[in-house]
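Pasting the structures here.
Here chain A shows up in two complexes: once beside chain B, once beside chain C.
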Partner chain A sequence: MMEKTTWFEKLKRQPEYMGIILLTAVIILNIITQGSSFFKTSSLQTLLSTNTPLIILTMAQCIVLISGNIDISTGITMTLVNVFAVMMPTRVSWMPVWAAYAIGYCLAVLVGFTNGVLVGYFRIPPMLATYGMSYIVSGSCLLISDRPQGKVAKELWKIYKGHVYGIPNSLFLVLALVLIWLVIRKFSAVKEIYALGGDEKNTYLTGVSTTRTTIRAYTISGVFVGIGGIAWTLMLASSNPLTGDAKTLQSIAAALLGGTLISGGWGTMICGALGALFFGLVTNTTTYMFIKFIPKFVPGFSVSTYYQDFVAQIIILLGITLSVLVSNRTRKLVKRVVRIHKEDEQR
Partner chain B sequence: MLELINIKKSFGAVIALNQASLTLEKGEIVALLGANGSGKSTLVKILGGTVKKDAGTITVDQKPVEIRSSAESRARKIAVAYQELSLIPRMTVYENVMLGHFHKGRFGQVDERKNRSFVCSLLEKYGVACNLDDFPKDLPSSTLSLIEIVKAISWDPDILLLDEVTAALHHNEVENLFSNLRVLSENGISIVMVTHRLSEIFNIASRAVILRNGESVADVDLKKTDINKIVYHMTGKMPEIAENPSDEKRSMEDAVLVVENLSIGESVKNVSLRVNRGEIIGLGGLEGQGQSQFLRSIYGAIPRDSGLITLAGKKVDYKSSANAVKDGIGFISGNRNRESIFSLRTIGENIFSAKMSMGRNFSGISNRMIIRQTNQIVKDYEIKIGNINDPITSLSGGNQQKVVFGRWILVSPEILLLDDPTKGVDVSSRRELHNFLRKAADQGMTVLIVSSDNDELLEIANRIYVFYEGGIHCMLCGTDCTEEKLVSAMMGMTAKDSVK
Partner chain C sequence: MISRKVKSFFNNTALMALMLSILLYITMVIFRPTALSLNSIATIFSTASMLIFVCAGQMIVITSGDGIDLSAGAMMSTTACITVELMKGNNEKLIPAILVCMAFGFIFGILNGLGVTYIGIPALIMTLCMSTVLTKLQIVISNGAPRGTVSKELSSSLTTRFFGVIPGIFIWAFLFFLVVVLFLKYTKFGHRLNLIGTNFEAANLSGIRAKHVRTLAYGLGGMMAGIGGLVGAGYFRQMQVSTFNSYTMQSISAVVIGGTMLSGGKANYLGTVFGALLLTVLSQFLSSINTSVAMRNVIMGVMLIILLIAYNRKPAVRQ
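Let's turn to the complex of A and B:
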């Protein structure tokens, strides 16, 4: 018993705490509404392969949020990878498909790096810098292709949507990225990103370059966005210059749901993955609720699908409120006193 | 090994350092002393690389060096423990200590085990009571100060700067720290200590460099001097110990504000005072002794831990400053840009802002009404402005402060709280502000004024409460109000110190 409490206390101190609770709740809800078909390989398969791009995108967003900044160009950058990889081989005759994917990926990293330079070196507010960047990227996408078109070779997306022993391949991709995170978090480079988000001034006082750390955070984000873009391409199995942008705000919301703080210095990429999975599951749950669960009790029940979005967003809003409340409640009072105290000393 | 020669630094028109010099030999412990605003923190910050000097030379081992950033300062083996702490609240203690210089493993990853055992041994040595995985946000301030020191020492510096680190420490913690510092100095590390606890320096330092108004005025051997001489160098006055008359004898009848045993965290401890109608009360002391927090907690801007506040015979407990304003309390901060003016709005709107909070939520306010009422104030108190519709930033600092003062006159509060209102204000404006205060006090307003300027307190206050380390050290009134007595009280000197 004693052992159990300390284990629980330890979990409570982790940033993932809120994400795990929300995710467990929504999984239970999902199983109730969907019934046993939830555990079928095909159903898991669809669920994960649709949501993997958002999960990766949220992981990318998390590292930027941890550094105390924000990136609102991630969704459109993912689209850039998609459009570039699918359409370039058809536009430029000499470009092989693998090169298009590789260059598209490098572009995503470059966008991340440029964001980092704008924010870290030129000190442009992150909101503005990445907003401007999102329009540049969006423009480039439309230059390459101005409407949904193109095709991805079947062999490629079959890998993404396939499964091994009943476990979807997209899950392996996510697990691999989580593993990468678990490795890189051991490096001082990432610990400095946490410090930067926690307190920029004190990080500088400790002799850590805040400029370089900011650029590093955005570049890591770019690396993940690139992978997200490839997953997005394989999921769509074609190119679409329009839909990706909506994922940006979803990824920020999902990161907050997972327990990452928007003020920085708190959270992990795993938080992002949990939050994004919650996001996807909520949509899944409400869909099943409206087409399967409620009709079981109310025969002939049928409403517009917009109601599904309505209910899903209410659940998400509740989740965000809960997660922010939990992390804020204890801090609020203490922080206020500390801030005033600090200001007095600075004067 | 370290030499600072004629360092100069000014912030705008304010000269923080002028001709400040400091020398430091290998393995020496030097105390850096000075009163409020004498520039000792600035000097530390210049060495730490967070403030750039305007002129002067710094030499390390006879070679001139430039310190342009805190990373360069670290590279010169200078480490600083800051008074306001440089810890990251949401990182673990061990990550905080090792940040920027983690021990690396074979693949360049952070070698947890090695780091942990290194930090653990340091924490044990310095008697820090905390776990490696605690977050600074959950720890008390005395522990945080020690962690800050350990963090500086973990860089293995040649020169260690300690900026007021003992302020939050308990007596036995200070003893332990000092014995460790002595070992460090025997191993060849030079230490500069900034402190306001004068009695401590005789225990630890061999030499003291004293700054006054940004100039280094004396470099004294602590074996051949006493505390009175040091205070003389710091302030230009010989200290005298004041008898401490009790508050209790004073009449109760006209008490407007009675505060009993007020405590706020670690910054204010058990403060009691009583203020009568129409008095001007000065709250003096070195900076950061809890005066500002005390004032703000009366106003409801900082929640207090314990204590009773009685306003005109009625117990009050403000949850927010809006309630305090409704009950007739006004507050003026010396930190104009942050806490008192609305820099984009006009002079008239700035004056009217307090009055606005008194009305109903949806009562109409016409521009003409604002202009009429505020013009009256401007005329009555002779505030020199161009046009009432000019932005407030068109005025000088002193005039801005007068406008803020007019803001409160318009609502005529019972009690006006001022936190260093004349900071960075020129002499003539200062005199006018003092006249305002006297005029208001004559009309029955009660004034509590925190000031870091001794002359101001002595000139204007009927009585002065002197704060030292979060408590009231003594109360001066009548003939006790002399600079000598004020100075000795500010330094926390008691009759015992003076005999020594």
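Let's turn to the complex of A and C:
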């Protein structure tokens, strides 16, 4: 018989455990340094609307990481959606704006699918396959537009940056995606992705097509990257072929911070969202710490912004170390518990 | 019999990379006859040589099994910044600069290795974070923009062209690579490295301190990237922050195109050299036929994927 566990012990066995703890810690730190202005609608609004693209991108990265692969073309694919949606209506006269958004979105899904085919069917190491893909996508971006330009209609980005009863609209978008995740995680199609990440050989032996499962994981990722791209477009309110690429590496780091393991089979999309929020908040916190908090106690204290970045990077590195350590341990623990239960049932 | 010979020839990745680079060069000459000059050959040689330093380090890390060093490019940029800040055009500082660059690369490489082996962070993430830390560190070291230059003697020893074709940097790279290959082939460390790459557990059980060896491999990888940064700074004379960051992916591509398996344990020394050559010729080719940067990126990506499909496929699950 399974003994009754408290909610905390249950939480401890979830992949989200470390992500929640890190996020709580950094929020507390932020409130200490920033004071009550943290809760102001405008500051919450800015925080969420700037970080939503990263959150969605990290969620997309998570599903690929769960399948035991990696995708380093997500950031640039997001940029492709952005550039296509904003620039195409000005380049091609007959294309209405909604069609540009729709086609841009489909392109993101297509890129995800192609990545899946390259990794699953052709069996190229995922890192290099998606790296080659990122070259192709960035070339296509530059073909459409080679510099930041264009603008999004005000009505569109006003919706994204607006708020309802003090709750930013971008938060609703994230919550909707989390809800989608909570629904799809119940399907066997997604459970197969977990199996693939856990053990490729055993998955194959149980009769699941590893090729098709890999392609599925990358396509789901593409679907999310497309949404991320639209959010990114609304956030920028213009097109920029240059800055999106940096988000890829941030999203991988954020996924790990949330508790997803790069070895596969462990983590959820919620982990990604938590990690990405942590990532966004750390920079915020260090800025406030160096500009407002420390000078309060040490008069005349001032450092260059380089040091702020440096400190933020170190905090992130430490966070990742901690998170990976804890996730690895939890995963082993859960595996052992599952095995013991099975042996009990067999007896 | 003949078909088998043909097949084994096509399976020899090093030779194929060489053949492809020669073919590409010939096509380049056909497209633009001016490319057939000693000057352009020398440019290809020196660009490829610069890549070889960091490729050697990357090869060692990849051979150690499940390893990859994404901080190699950032390491090159950092040591390049250190070099110009330290030398400031003074040749007497050459020896200290070399020592500092090597030590710096080694220490940060070891940190990578410790994170990967003892803490258990995946190599990809550990080195990725290290590369962001290093990028910030460069800015801290150089206050935003490095001001010094390297000494004239160093840069002239790298850029002088013997017989009009062979640049000094090529000779240095050749000697360096020879030392690395001899070291890997004829020392205990080299054998152990191959062993832990092939089967970490078995190596551990046979009494090799596998974790030590792997950590050292990262240290050596960092050190070689450090030397690469010094040489790159010497070649370009002046530096900017994160000049060499693109070398991370170039080095990985060169090593993989050359036939070194990403899963580890199987290094292809000659392949790495020709992989670097192929990448350099490819980018020269694309810039010579007057394509836009955008088109060049697309072609580069397609070529990379085709080469990977041809040479670096993982075995199927059922095998």
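Basically, the second predicted complex is superposed on the first by the 319 of 347 C-alpha atoms of A that agree within 3 Å, B and C clash if a C-alpha of one lies under 4 Å from a C-alpha of the other, contacts with A are read in each partner's own complex, and residues count from 1 in each chain.
In this text, a residue touches a chain if its C-beta (ideal position, glycine included) is under 8 Å from a C-beta of that chain, and two chains touch if they have at least 3 such contacts.
A quick note: this is a predicted structure, and the numbers were derived from the prediction, not measured.
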{"item": "Touching partner for A:R123 - first (chain B), second (chain C), both, neither", "value": "second"}
{"item": "Chain B versus chain C as contact partner of A:G207, first or second or both or neither", "value": "first"}
{"item": "Which of chain B and chain C A:G265 touches, first, second, both or neither", "value": "first"}
{"item": "Broader residue contact with chain A after superposition on the shared chain, chain B or chain C", "value": "C"}
{"item": "First (chain B), second (chain C), both or neither touched by A:L256", "value": "second"}
{"item": "Partner chain(s) touched by A:E192 [first = chain B, second = chain C, both, neither]", "value": "first"}
{"item": "Chain B versus chain C as contact partner of A:T321, first or second or both or neither", "value": "second"}
{"item": "Common ground on chain A, meaning residues reached by chain C in one complex and by chain B in the other", "value": "201, 204"}
{"item": "Residues of chain A that touch chain B when the two form their complex", "value": "183, 186-188, 191-192, 194-195, 198-199, 201-209, 265-266, 331, 333-334, 336-337, 340-347"}
{"item": "Complex contact set, residues of chain A against chain C", "value": "70, 118, 122-125, 127-129, 131-143, 146, 200-201, 204, 210, 249, 252-253, 256, 262-263, 306-307, 309-310, 313-314, 316-317, 320-321, 324-325, 328"}
{"item": "Interfacial residue positions of chain B with respect to chain A in the complex", "value": "48, 50, 69-71, 73-75, 80, 82-91, 95, 99-102, 104, 108-110, 112, 137, 151, 264-265, 267, 287-288, 292-293, 296, 301-303, 334-335, 338, 420, 423"}
{"item": "Partner chain A, residues of chain C touching it in the complex", "value": "68, 115, 119-122, 124-125, 128-130, 132-133, 136-137, 139-140, 144, 249, 252-253, 256, 262, 292-302, 304-305, 308-309, 312-318"}
